[in-house]
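These are the structures, in structure tokens.
The same chain A turns up in both complexes below, where it pairs with chain B and then with chain C.
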Partner chain A sequence: MIPPLVRPKLKNPILRTPLPVLPPWMRSRAALGLTAAAALGQFRLQVCGECDAVQYPPRECCHSCLSDQLRWREQSGSGELISETTVHHSQDLYFSERMPWRLGMVRLDAGPTVVVHLHGGCAPAPARVRVGARLDKSGQGVLVAFPIDEVLNMADDRQLREMTCDPKFRKVLVTDGKTGVGQAVVRNIIAAGADLVWVGYAEPWKTFAGLTELAAQPQVAMLPLDLTDSQSVKTLAAEIGGKVDILINTAELHRAHGIASRSGIEVARAEMDVNYFGLLRLAQEFGPVMRSRGADGQSSATAWVNLLSIYALSNYPRHGTFSASKAAALSLSQCLRAEMRPGAVRVINVFPGPIDDEWNQATPQPKLTPEALAKAVVRALKDGVEDVYPGDVAQEWLLRWQESPKTLERELST
Partner chain B sequence: MAANSLISLAAELLSGQIRVVDLTQTLSPDFPQIALPPEFGQCWPFRMEEISRYDDRGPGWYWNNFSCGEHTGTHFDAPIHWVSGRAVPNNSTDTLPVQNLIGPACVIDCSREAKADPDFLLTADRLRQWEAEHGRIPPRAWVLMRTDWSKRSDPVAYQNYDETGQHTPGPATDAVKFLVDERDIVGFGSESIGTDAGQGYHLKPPYPCHYYMHGAGRYGLQCLTNLDLLPPIGALIVCAPLKIKNGSGSPIRALALVQN
Partner chain C sequence: MPASGKDRDYQDVVLVAPVTVPYTRYSIRSAHWFVAQALSRLLKESRLMKADIDGMSLGSFMLAPDTAIGLTQHLGITVRWLDYVPLGGASGIVALRRALRAVQAGDAEVVACIGADTNHVDSFRQTLGSFSVFARDAVFPYGSGGPNASFAFLTSYYMRSCGATREDFGKLCVAQRDNALGYPHAMFKKKLTLDEYLGARLIADPIRLFDCVMPCAGAEAFLVMTRQRAEALGLAYATVRSTCERHNAFPEDPIQMRGGWVLDREHLYGAAGVEPSDIDFVQTYDDYPVMSMIQIEDLGFCKKGEGPNFIRRNSFTVDGSFPINTSGGQLSVGQAGCAAGFLGVVESIRQLTDCNLARPVPGARFAIAVGFGMITYDRGLCSGAAVLGRANA
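On to the complex of A and B.
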């Protein structure tokens, strides 16, 4: 029985805000393969290419035949919880602050026995469980055993919440509420239980569809925010930065041009100003304060979401300058991720294919609806993943890119 | 003789007999800029990035880099700005005769009409009416259309957009032709964004003030403020644009000299 999450009391302003400390984060290069899969929401283990033995923990050579032909392969995670321990004392700072902590051993049907964090819904050993990979507060892949069947308040489990960025009872900043995507994100984040959503909007004299409905929601506070204006970002961070638990950067500028289809650099510069420098401005002003609040109670600062594009992986020449600006943003988001990690704030990058909006009007279907994109963002927060590729186009391009970046480049250039 | 009148001007400035009125809006990121359909190129708004402020980036000094378009804030339009003025001689900010940049101002008070109707158009008839009261507009004068639009401090009200675009006052086509052809003015100034009305695109020709003024080598002043502090006649305008090579305009510090 997992107690439901309740709205936390207001913060006691005379107490020191606890500093974020991280669970053990050192990993071998081989073990980072588990992290890489968990970042996508997948549970992978190495499998021997010669004898098919499934490996755990990650290693250089097969434990059975010493072959070095180990391949990461997705696992179902089904297995048997064979023992469990509730830890009441730890020398580790992170765990000592979070006692008691339930751990277990699961014999996977695939072979190996793994050490897991035990979800509160799991019956006492022996019991059937499903093992999944999650990112912990240090951003490293760890294994969690879940009950086979959904239990009540599944997401509210205290230990699981250390691995996720659930918006429930949290305060969220959505940086641009003028777009269909921005508005869908606001709707869905409210539906996911957010307490308060600040919604930025630039150039208020340009009216936009959906404003009235957006502003009418009781959780919404509309605020002026223009990512091209350093002073605007600085001012807003000074006003609300210390309260933002989740920042979702939906602001983007998208024009469909390559190099030759538009003379001059003004459009490309405008794209960079929002998509790259806008992120940099946000990161400089909101990053430090969010990083300092990574352990600020139940509703701590927990996540930073960037709306990137699948074109960030490989340039789509018809949207060439936009692709370049998103590639720059992707690179910067990796820097941001490294800088936010000590503060236990997860940076989530979203890589949609073409979104169904006015700037992709002439792009043939399939296009990702703002609603589907928003749902993917909320899902990513609840699952605590780092990289999301929502929709068929993004999924397909990702696979092609993983297989051969050069091949994809050639395919996109025709 | 000239030296004497300038010396007396200096003395009157010093004594306060002549006041200097600032006709300029403050350049700030919050002041709205002209907005074109998004597929067109856009004028930059005013933006400022701190270089240092007595800190590690420069311990003893404070300074900024700023960026903006030639047509940001209170600004000057040179004839080359419009396609009709592209072949006019001396049509850019670096070549236009500086003699034109100081001159007498005729202030047409349209504040009552603009308050009643944001799409108010100043007609030639209305100008003749003004002349009946204040005398003929002299050659090489600046004609400034006072609407009190600058008192709309909220950018939304200042821009005044709805689903059919912007609604701000401006001159009618016949007024522009009258001022250029029959009164030989040096330029036209307004308080809103654009010397033309917000709906000027739908006039004949589109944006008549830009079209005829610049086509005839005349100038424009936009986003002026404090026109309500000027007399209908008798003020002297100083409105020098930056000397940008081949520039189409420039933000300015527009000033008016007014006798007490």
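On to the complex of A and C.
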């Protein structure tokens, strides 16, 4: 049985905050294929293109026929837990601080024997299990064996929680509560068990649709935040930065059109000011303090979520300057991810297709509802993935882009 | 494929001058120092000059960035045959096999076989994290328990499938400690009781403290030369009746319940002209007691899965039935890196030449020294063994 997570006591501000340390992160280049898949929430192993043999650990050639045609293929993960141990003594600082730690050895139905982190809900060996891939605190892909059937408090497993960014009992900053997306995120993050949600809103002297409902929720605290104003970001970070466990940047400025249909750069600059420089301002003020709290107990700082756009992958000329600002934000988020990793804080990028809001009024269906987008954000936090492409349009563009970025560019320009 | 059994025998080559560089838990010396000490002791023991050594086989993990070649200049020796066998627990058996053939072929006359390693305070952790690509990618990120966790899987599996109990493993550990009490170089000098074994600190369930070897610094070494040369020098020698070596045996087994010995034991006994019942003592590779049990089974002393009963029937002490690890084994002597792969060979030579430091096995004529090692992912890849004999056996 997995004991349910309990609400952490208020932190004693006099006590020292433990420094984040990471589990072993060194990997061969071959092994990074496991990480790349886990970052998308997939469990993939190398499969030989010539003889179909499944390989593990990752390698350069097929262990059976020596072919170098190894392709990363999605796995069901079903297998037999053949042995297990609970480690009480580790050579590694990260694990030493988290002993005891349950491990298993699983014979996958696909062939290989894999060493896994063993979920507390798994019956003692021998038992059927389902192996999946997760990112650990170092951001590298690792294998976890789960019970075949869902058990009570599944997500509360102490080891699993090290690999996810579950909002339960965490404190969350949603940077813009004015939009439909921002409000849907607040609702869903509260439903997922967040303890406290700070909701930023620019121009606090103005009212906006949904404000009353938003502010009425007991977990919500409304705070002025304007991402185009460095001082505003700094002030808020000074006030709550040391307490934010999850930052969800929902603020964005979206106007239609490309280059020729508008004169001047004011709109493009305004988009950049929120979508790119806004992220940069947030990252400079909140990044360092969140990164220092990556091991701050059960409800440590754990994730930073960026609302990007599928247009960040390839420019959509009808929303050309917006696409460019999101591409800039994507690039910056990769820098942020690299800088947050030593602090064990995951950067999650969300790439929705067109959202069903006023700035996509002229965009044909299907469009993503704010509610669906918010659910995808919460799912990404619970799964601890790095990149998520919610909705049919985003999924389709992603596939097209993966297959041929150049072809997608041509398709979008017609 | 099992070995053919038609190899050339080893009648004209012998093992002499077993030496040990005393172990310490930690050392500020480099592995080079331990190699040099071992060579110096070999010369003293054999009364040979440095110039007489024309071959060297070296097993060590801690020489980096050097390998065996760097040591020739470091030690100031000129050799015409050189081998580097960083194969951990198998390095002793592999070094012995190659050196024997080199001397038989005339490629060298006297080969110094040396297993030496140092141990600094942080060495073990660093070695674990960089031991192999597979370990770095697929084992170390999982709890970083090192071999303790790997053998916990195997011990647990073995207990479940063969009915072994903690008491069974404990009996081996207690008996080996008893043997170690007579050996001056053992790191553990206190008697171990079964209660102490059973109640020791948990390391990786079901493995507890006294199932684990203590990493330390030290060296083991011996010389290989022709029988003629040994007799001319008046050196006591042990003979080699047969050997075997196998790497990555049974890769399809889901977990390592057997090693390469299963493929090679027929050849091992056939070429030696002896039966398991002729063997007077065995130096198992006891990095964990479950491996001793598996080796006892795989070398044909009992059937697979009958290890627990075999343990209940025997005493394993030097003066009892089925003596194993007569100087205490790694579990009591300590594990000095690659030297651990030489420990059983060196102790066997001592026993078979009456140059004992440990208590002698009365009337011993034949012995088996086992090599096992290199857990690069989920199992030890190397297995080897040698049947050794008394000069007149």
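Definition applied: the second predicted complex is superposed on the first by the 412 of 414 C-alpha atoms of A that agree within 3 Å, B and C clash if a C-alpha of one lies under 4 Å from a C-alpha of the other, contacts with A are read in each partner's own complex, and residues count from 1 in each chain.
Keep this in mind: a residue touches a chain if its C-beta (ideal position, glycine included) is under 8 Å from a C-beta of that chain, and two chains touch if they have at least 3 such contacts.
Small disclaimer: the values here were computed from a predicted structure and weren't measured.
Chemist: For A:H89, using the defined touch cut-off, is the partner it touches chain B, chain C, both, or neither? Pick first, second, both or neither.
Modeler: It touches chain C, and chain B stays clear.
Chemist: What is the contact status of A:G384 with respect to chain B (first) and chain C (second): first, second, both, or neither?
Modeler: neither
Chemist: Thinking of the overlay built on chain A, is A:G182 touched by chain B (first), by chain C (second), by both, or by neither?
Modeler: A:G182 contacts neither chain B nor chain C.
Chemist: Once the shared chain is lined up, is A:Y56 touching chain B (first), chain C (second), both, or neither of them?
Modeler: second
Chemist: Which of the two partners, first being chain B and second being chain C, lies in contact with A:G200: first, second, both, or neither?
Modeler: Touch partners of A:G200: none, neither chain B nor chain C.
Chemist: If we overlay the two complexes on their shared chain A, which of chain B and chain C does A:V142 touch? Say first, second, both or neither.
Modeler: Only chain C; A:V142 stays clear of chain B.
Chemist: Which holds for A:M26: it touches chain B only (first), chain C only (second), both, or neither?
Modeler: Only chain C is touched by A:M26; chain B is not.
Chemist: Looking at chain A, does chain B or chain C touch a larger number of its residues?
Modeler: Touching more of chain A: C.
Chemist: Examine A:S230 and indicate which partner it touches, taking first as chain B and second as chain C; both and neither are also allowed.
Modeler: first
Chemist: For a test of understanding, state which residues of chain A touch chain C in their complex under the given definition.
Modeler: Those in contact with chain C are residues 23-28, 30-31, 56-58, 63, 82-92, 94-95, 101, 103, 105, 107, 113-117, 125-126, 136, 138, 140, 142.
Chemist: For the complex, which residues does chain A have touching chain B?
Modeler: Residues of chain A touching chain B: 203-207, 226, 228-232, 255, 264, 266-267, 270.
Chemist: Quick check: in the complex, which residue numbers of chain B touch chain A?
Modeler: 29, 32, 35, 39, 41-42, 45, 47-50, 155-156, 158-163
Chemist: Give every residue of chain C touching chain A within the complex, in rising order.
Modeler: Answer in residue numbers: 124-125, 128-129, 133-134, 136-146, 148-149, 152-154, 156-157, 160, 201-207, 251, 254-255, 377-378.
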